[in-house]
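So, here come the structures, one by one.
In what follows, chain A forms one complex with chain B and a second complex with chain C.
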Partner chain A sequence: MIIGAGVVGAACAYYAGRAGLTVAVVDRGPVAGGTTGAGEGNLLVSDKGAGAELDLALWSAGLWRELAEVLPERIEYEAKGGLVVAPDETTLKALRTFADGQRAAGVHAVEVGAGELRELEPHLAPGPAGGFHYPQDSQVQPAQAAARLLAASGAEVYLGEEVTGFLLERGAVRGVRTGRRELRAPAVVNAAGTWGGRIAELAGVELPVLPRRGFVLVTEPLPRVVRHKVYAADYIADVASGSAALQSSAVVEGTPSGPVLIGATRERVGFDRSLSVEALRRLAVQAAALFPVLADVRVLRAYHGFRPYLPDHLPAIGADPRVPGLLHACGHEGAGIGLAPATGQLIAAALTCAETPLDPHPFRPDRFGPDRFGPDGSGPDGSGTAATR
Partner chain B sequence: MSQSPGTRSPRALVGGAPVATYTMRFDGRELSAQAGQSIAAVLWGAGILAWRTTRETGAPRGAFCGIGSCYDCLVTVNGRPNQRACLVPALPGDTVTTQEGTGRADLAV
Partner chain C sequence: MPTSPSDRGADPVDLAVVGAGPAGLAAAVTAAGLGLRVTVLDAGERPGGQYYRHPAPGLGAARPETLHHGWAAFARREAALRAHESAGRITYLPSHHVWTVVPDGGRWTLHAVAGPEERAAAVRARAVLLATGAHERQLPFPGWTLPGVVGAGGAQAMLKSGLVLPGRRVVVAGSGPLLLAVAGSLAAAGARVPAVVEAASYTGYAGRAPALLRNPGKIGEAATYGGALLRHRVRLLTRHAVTEAHGTGRVEAVTVARLDRDWRPLPGTARRIPCDALAVGHGLVPQLELATGLGCATVRAADGTIALELDARQRTSVPGIWSAGETGGIGGAELALAEGELAARAIAGAAAPAALVRRRARLRAFAAAMGAAHRPGAGWTGWLRDDTEVCRCEEVPAGCVREAVEDLGAGDVRTVKLLTRAGMGWCQGRMCGPAVAALAGEGASSPGGAAPDRRPLSCPVPLRHLAELPATDG
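Moving on, here comes the complex of A and B:
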């Protein structure tokens, strides 16, 4: 039983089904109705420093390549590559150190000179000192990807049914209760994304998932004007930051259907759905600074969502030792689309007691606790990536 | 718009007359426009029903809702693509051209 019909829930369903399990998925809303449908569909390795999350992302990148072969073309898988732009020599130096660590982990990172930048992206503003090209970065249309993955899983799906409680037997989870019925299962996976903390609470455990709001601007349809996923180097610092204040760095990419997507803002304002003009203004200004051609392009709309954020920027994946029968697969922050397949593999392995190519220990869901969590934002044993990037 | 005998327009009923009449161009043709008319009204008045082609199949498009909601009537006005013909007033000397796809093929890389 999987709670959550976002991309992570869909991937858990897909790989659990392939491992021979009978799977059901329940969600209070539609497929991809939460954070999955509010993202850009990034499958990135470039923004992650060496560490557990990068290992998960690299494994996932390979799995997405495989999935792209078997899922319908509508998922719009594009191995477009990422391009990180450094405005000055100091930033470029920092990027070099960052890339060295990534290379050791298996990332392809190619330094690009100032002149070559404009060969890769002809509309890029002149001026940046240089940058890095990451050929492994890719993109999918996230809602389509989640829906096709879920359909391919063969899971039974209950949509529009909110989980209101757990069925417990001698302290162990034996299913869930919804407004309409009881669904019995020997194991329940919490893949409720940003709302995963509430599901954990229903089972009597704490999982400190916090929402981190982000806006995306959508331009009018254009021919291909941006070839890669292009972003300013300060985006990497924003991703790793734990600040509650509004942060904004330009992340610009084209889509097969024409519109250019412009992100990315991060702020911790709870589940506030009101529009932030300041956030949209910053996105527009920064995108036009990176790609002057966009200054004259119309923005059709903006959307926003809530990244599921855990204090050490790592997801919670695996069995919860505090409640037998409960597993978690949530808290992927802004990387859920990219990390979904490897997460699904780890969950399927946990359910079938199989070996995995990756040590799931850094993602254990019980690593947080009042006395186990350091004030520097790192995990109990310093495994958090925040300090290293 | 010329008045054919026997038909009564709202303007004829109240005895109104255009403040000004001038010309605009559409794909090289010279069209007569009256002050206050939208570009879509001028094109319709001249019997032109389509002034854009879709991005994927190149199918013809013109005015659909006529009130600015559907964005089907997009057209290039004085070199600027994606203008809603049903809302943009026709001005003296305007050059309107059929918009192909996004109307921004020149930006493609």
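Moving on, here comes the complex of A and C:
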């Protein structure tokens, strides 16, 4: 039984079904009605430093390639590649170190000079010192991907039904209760995304998933002015310390139907649905700095979503040792679409006690001791609206 | 005063009015009369909104008033607007499309795209009145994208502002009282109107006799239309709909069929009517982007559309934001005038005259009765074939929407949009929204019923405007 028909729940259903399990999915809304519907569909390895998340992303990148072969074309899988632009020499140097770490993990990263940059992206503003091309970065249409994965999973689907509680027997989960019925199952997967903390609470455990808002700008349809996923790299200071966290700016990219997508900002404001003019301003500034031609196009719409984030910016994936029968697959922050297939594989493996090519330990759901982070659940980087993906 | 967006220190005005239709105009003039400093921003080039459309001065129309009921009421208010403008009490900003209203330290900032050159403009205000009116509701059918098929209200507007006819033999179809007015104007302007095809039945009003009886003016209006229609030998077919338009380069004929109570076409009742134009509309839909962007609460109105929840003094659920006219539910120009005046009085802290309060209540009740009678029946989707285009901007056929709903688990407009692109084009779903909602099974039955589309930008905004906004630490 999977709670959540977003891309993560759909991927769990797909791989659990392929592992021979009988699966049901329940969601209080329609398919992809949560954060998945607000996501941009970037499948990126370029923005992740060496570590557990990158390993998950690389595994996923391969799985997405396979899925593109079997799912309908409408998922719009496209391996268009990413281009990270360094405005100056200092950034370029830092980017090199960052890319070295990524290469060791299996990422293809190709340094491109200033001249080549302009060949790859003719409308790019003059001036950048250089950049890196990441051919593995690719793209899907998130809602289509979730809907098609779910349809292909063969799962029984209950839409428009909210999970209001768990069926427990001697402390173990035996199913869920919805507004309409009881659904019994020996295992329940919490794939409720940004609302995963609430589901955990219903089962009596804590999982500090919080919302992180993001805005995206969509322009009028344009001829092909942007060919890759393009963003500028700005390093957070001390690269030498080894904490080479990449602070990336708005990703600019063209879509097959013409509009250019510019996104997304990041800010912690709870579930605030009001328009942040400041967020739109930052996206516009960054987009126009990369591609000056964009200054003169019109923005048709802006939308936002709430990324599910956990304090250490890694998702929670796997069985919860505190409650037998309960598994989690949530908290993927700004990368849930990219990370969904590997997450589904890990969940399927956990349900069937199979081996996985990746150590799931960093993602264990009970890793958040009460005292490890601030009382507001804020993690080590207390960022505001820094425009990063 | 309009300011450049970077001029944040500017003195706020007492009231910013968005929209210069009957509601906005009445509000601005009343508020200025009560001593408030007012700025009016309107997307149109001339005051009057949808109702008081009038020919551009160059067109040489001698008497625009012949096309309007209540022209005098408008002329009086327009004169008052000009007088307050010269006295410096009202700043009137035509061709200003407000794209968002944001809270700003206890005040409001309105951002607009101004003029054909698309300048950026911003206005700060202590209170905001949203009088943004409505747009036409379109329900698609096979052939509706053919040249010669026009909106009924659009045809009326064309007549009023440019004095052009959409064709020589024009069928008028859809639902709502506007159809009679449109047919009357078309006939008066020299078009042949072979039929007015109305999907509802006017007997629907009969059950609401009290509301009708309290609105003698409306009966008079209807009688006028009826008389004009008789004179021009226009046939009125109730409980009928145009279920298809035919033609190659342009509409040449329409198929008209009888409907059951739920607007399902009855087999064996179809027949063809030759024509060279079709004016079609199914009433109006409140234009709520700015209000929903601010988080104003909404309700489902009797006609099935989503409208703002307003109290007796025209307040929205967001303190400091007021609204009047069609945004609170479709109700016509007379009601818009009354509400505009009520809102202005409330904002200025003046008492509301009892007669005005009564007039509003009476007109609202009438509007609700009419809205209920003309609310589209669930069966109308039966005349959509799978290959009928529903979203014109993105060319999405009905079959594609049905697949998303039936096979892929989309249960609402947003998910249909994400899965099919219906509503992602230039009009941002203003045109296809009601049709997609019906196909998705959204509507009366959904709990609370009122989930308005959210469009954080109420019109396209040059990216440069966004980039040049003053930075804040957000």
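What we mean here is this: the second predicted complex is superposed on the first by the 356 of 389 C-alpha atoms of A that agree within 3 Å, B and C clash if a C-alpha of one lies under 4 Å from a C-alpha of the other, contacts with A are read in each partner's own complex, and residues count from 1 in each chain.
One rule holds in what follows: a residue touches a chain if its C-beta (ideal position, glycine included) is under 8 Å from a C-beta of that chain, and two chains touch if they have at least 3 such contacts.
Remember, it's a predicted structure, so these values are computed and weren't measured experimentally.
Visitor: For A:223 in the superposed arrangement: first (chain B), second (chain C), both or neither?
Guide: A:223 contacts chain B only, not chain C.
Visitor: Does chain B (first) or chain C (second) touch A:20, or do both, or does neither?
Guide: In the superposition, A:20 contacts neither chain B nor chain C.
Visitor: Is A:275 touching anything from chain B or chain C once the two structures are fitted on A? First, second, both or neither.
Guide: second
Visitor: What's your read, chain B or chain C touching more residues of chain A?
Guide: So, of the two partners, C touches more residues of chain A.
Visitor: Under the stated touch criterion, which partner chain does A:151 make contact with: chain B (first), chain C (second), both, or neither?
Guide: second
Visitor: After superposition on the shared chain, which partner residues are touched by A:298: those of chain B (first), chain C (second), both, or neither?
Guide: Both chain B and chain C are touched by A:298.
Visitor: When the two structures are overlaid on chain A, which partner does A:122 contact: first (chain B), second (chain C), both, or neither?
Guide: Only chain B is touched by A:122; chain C is not.
Visitor: Would you please give the residues of chain A that touch chain B in one complex and also touch chain C in the other complex?
Guide: Common to the two interfaces on chain A: residues 220, 298.
Visitor: Could you pull out which chain A residues touch chain C in their complex?
Guide: Touching chain C: residues 5, 29-33, 37, 142-144, 147-148, 150-151, 157, 159-160, 217, 219-220, 257, 259, 267, 273-281, 283-285, 287-288, 294-304, 384-385 of chain A.
Visitor: Please give the residue numbers of chain C that touch chain A in the complex, ascending.
Guide: Touch residues, chain C against chain A: 100, 102-103, 111, 293-295, 394, 404, 407-412, 414-415, 418-419, 421, 424, 426, 428, 454-457, 460-467, 469, 471-474.
Visitor: If you look only at chain B, which of its residues touch chain A in the complex?
Guide: Contacts found on chain B: 55, 82, 101-102, 104-105, 107-109.
Visitor: What residues on chain A touch chain B, complex-wise?
Guide: Spelled out, the residues of chain A in touch with chain B are 121-123, 220-225, 227, 258, 293, 298.
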